[in-house]
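When the chains are written out, they are named A, B and C in that same order, and each has its own residue count from 1.
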């Protein structure tokens, strides 16, 4: 018996070493399945030829699953990933905890070229903790043919009132086209993000300076009633299960007159291969109401290295490659300028070839530049983030609250009831988290 | 048979490994879970763990979602079992008849049982139930009806429908096997006695099938109590709390809030609930299995 | 009479085919969609016959993720865990069926109840254990987990089959001087082969479709087809056709496996419930 155990132990140890030996040249990269990342996976030959000896292993997962996996792994120091793709929400929290390696780039990388709004969200105490792969804000995408068809005009930055009128006018004009498509699927990164920007425009905020939830305030009631009313009258059926993707599919098949969502969608809706309406789309900045502050969000999918990674040098090389100016040119040479990952570098928005190929470039840049995560609401707030609050509790809280919003949208509960529930949920979470 | 001492030892030795393994599998994580359930342990705040006594349990039980989740769990398990047994029985009776192409139809009919839950959920959500471009929407359009927005208007019903689809073949499979073993002479005898098809079904077939039905109920309830993938993929527990079950509630604490303490408390509660159901089931079924 | 019989048979043929096709339809629709272009996949009304059938989606999926790596892992994990499970469960079921003690029933119930707890409740403890034993993202670690998850069902199914075996048969072997191993190997297993085979099949199916642990404890090396699907489930852009192609690829092996072993599965599916 003892001998067997001894043998087994030797075997196990041998296997552990074997795995460790394999891992030395292997870089495991956890990433989301968005098309810019998928495109990158097709272009890694360039990286490999420049960095022989580094093998890249991709773990491509759907956003929610990826977030669970990497959070679980970094919090338990599981060491499964050498490079993680994380968002603007995670970076401030994780860097404060010392879970990420500060990134130091050489001069050729030109850190100062990164858009200031994006960069500030990834920086703590003057150190950059994640390099943006692509950045986005939110804006209006609309069918110029339909809007012109009813003799209306979309302003550069309309108010929600104007958006309402336009939605009303173009709704059901063209057979089966709905006035407006907005996110309704529950989730802090789905309807949570969108409705937060909408309510920001109405002057609302998640928490006051003392971290008290604010859903019992009139601003929230106005915002949510407006949203529910607009969607019930001029939105598509099934709006409560529509997230980014579902709306994209609807818009591309010509079912939406207007859509307010991420700026990255612009390159999809203008792509003739994917969109039936690619030549009929125009753009405007996200609508304001009582204020324009916080009316459009800010997000960047960024690459970061978990602290304690055994391969941080190789990881650093990879991140420098994937977020460099040269990478943008590589994508442009293979797939055309319209398909380069947007929203990270100032130089891209000065590049005439890009501006030429991407009719949405200027609007994207304006939107990103106008977003401010720190002072993003009309009334002062204690948290960082436009469409989220960068506190660990927010993922769970934002999703539960998003559930209430989506229930209000389906009419299962009234707006009043949904907000009361949201207030109660938020109060519980904040109390449990020890905020007050 | 007389039990020898060596026999007892032998049987202990034989049963030992698997019982020990299951014991370890059950006890080690469970012990850790119980321990965590008394801590204020958020995965995102490592190093801040403190003993909080029963606070996690208090929060779990006072969670407005708890009652609803419990109810949803019972409704889901109950409805799916009832539906899949009834539909499975009908399917089995049908596939037991002699007709052209029976072999192929059997293969087709049991196929849903082999499909991954994630795939089946994605399939139903996107390609069938989508209110604009789904197949059902098209069917409704054909007869000039307003398409139903399944996941928003009948969220729980949609989930039940989806999962029933996966389990009907399983029920049908077991019941079909059982039907095939029905004693022909008994059937003939009843026929000669002048029993009609309905009476025969009720007095001969149904009693014969009881044991198999019990097996179906047992196995299904084991799997259905922990349904998660289907909900995660389609409704995310919503809208509101319409489709949140206990498993999903624990999930949202563990992997959305990363509240390990709270999730552990939820896990412990779920284990207790599972055991209550198990005892109940065994009482009900025990008679039938001996 | 003959007319009535024919009429009946036609009726059963129609309803039988209708029900089966109804049950199979979602799967058919998935396979069908996988051959469309993304725009066609989403178009309304759906195109049944006149669309440009394309294999493009399969090409894209294979190019993006190495399907065979995931499929191989699925095969190794599901068959490995099942074989390991049978190895452990056969002696246990033997002991419970032929040498029952007072506690056998209780043990059996308890074993089954272990399957009823939501796995996510023990995720964190288990993740920590796996991290410490360096089992994260290894096939060995996952094989053990899947084996443990299916063990209750395996033990219970085998128990019900074994109980049907008449004791004198085993006694006879014993009197002939067979030891325990020979008794199991040469008498018990051959007699209950049908039951063991269907236990095997069922366990393989359950292990193949297990989507919680396989997703949460792997990264790349040990990731099976459930993880493969997770990378297609809701990406940006139009995705129905690619999702359908990926889904078809993920379920095809087990579906075909199931079709071919259906007879065996049916034969053993009685759980000793049929006398």
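Methods note: a contact is a pair of C-beta atoms (placed from the backbone, for glycine too) under 8 Å apart; a residue touches a chain by one contact, two chains touch by 3 or more.
None of the values given here were measured: they were computed from a predicted structure.
Visitor: Looking at A-C and B-C, which one has the bigger number of contacting C-beta pairs?
Guide: Looking at contacts between chains, B-C has the larger number.
Visitor: What chain lies farthest away from chain C once each centre is taken as the mean of the Cα atoms?
Guide: A
Visitor: Where the centres are mean C-alpha positions, what is the separation of chain A from chain C, in Å?
Guide: Chain centres of chain A and chain C, defined by C-alpha means, are spaced 37 Å apart.
Visitor: Which integer distance in Å separates the CA centroid of chain B from that of chain C?
Guide: 15
Visitor: Can you list the chain A residues in contact with two or more other chains?
Guide: Expected reply: 68, 72, 76, 249, 253.
Visitor: Which positions in chain B are in touch with at least two other chains?
Guide: 43, 132-133, 255
Visitor: Would you please write down the residue numbers of chain C that are in contact with two or more other chains?
Guide: 42-44, 123-124, 128, 230, 233, 240
Visitor: Could you please specify the touching residues of chain A with respect to chain B in the complex?
Guide: 68, 71-72, 75-76, 93, 97, 185-187, 236-241, 246, 249-250, 253, 255, 392-393, 395-397, 399-400, 403-404, 406-407, 409-410, 412-413, 418, 421, 424-425, 428-429, 432-433
Visitor: Show which residues of chain B lie in contact with chain C when the two form their complex.
Guide: Residues 1, 3, 7-8, 10-12, 14-19, 21-22, 25-26, 28-30, 32-33, 36, 43, 91, 94-95, 97-102, 104-120, 122-124, 126-128, 132-133, 135, 137-138, 141, 165, 168-169, 173-174, 176-178, 181, 211-212, 214-215, 218-219, 221-223, 225-226, 228-229, 233, 246-247, 250-251, 254-255, 260, 263-264, 266-268, 270-271, 274-275, 277-279, 282, 286, 289.
Visitor: Looking at the complex, which residues from chain B come into contact with chain A?
Guide: 42-46, 59, 63-65, 125, 130-133, 146-147, 149, 151-153, 234-242, 252-253, 255-259, 262
Visitor: Okay, in this complex, where on chain A does chain C touch?
Guide: That would be residues 15-16, 19, 28, 30, 33-35, 38, 41-42, 57-63, 65, 68-69, 72, 76-81, 176, 243-245, 248-249, 252-253, 264-265, 268, 274, 276 of chain A.
Visitor: Quick one: in the complex, what on chain C touches chain A?
Guide: Residue positions touching the partner: 38-39, 42-44, 63-65, 123-124, 127-128, 131, 134, 136-138, 140, 215-216, 219-220, 223, 227, 230-240.
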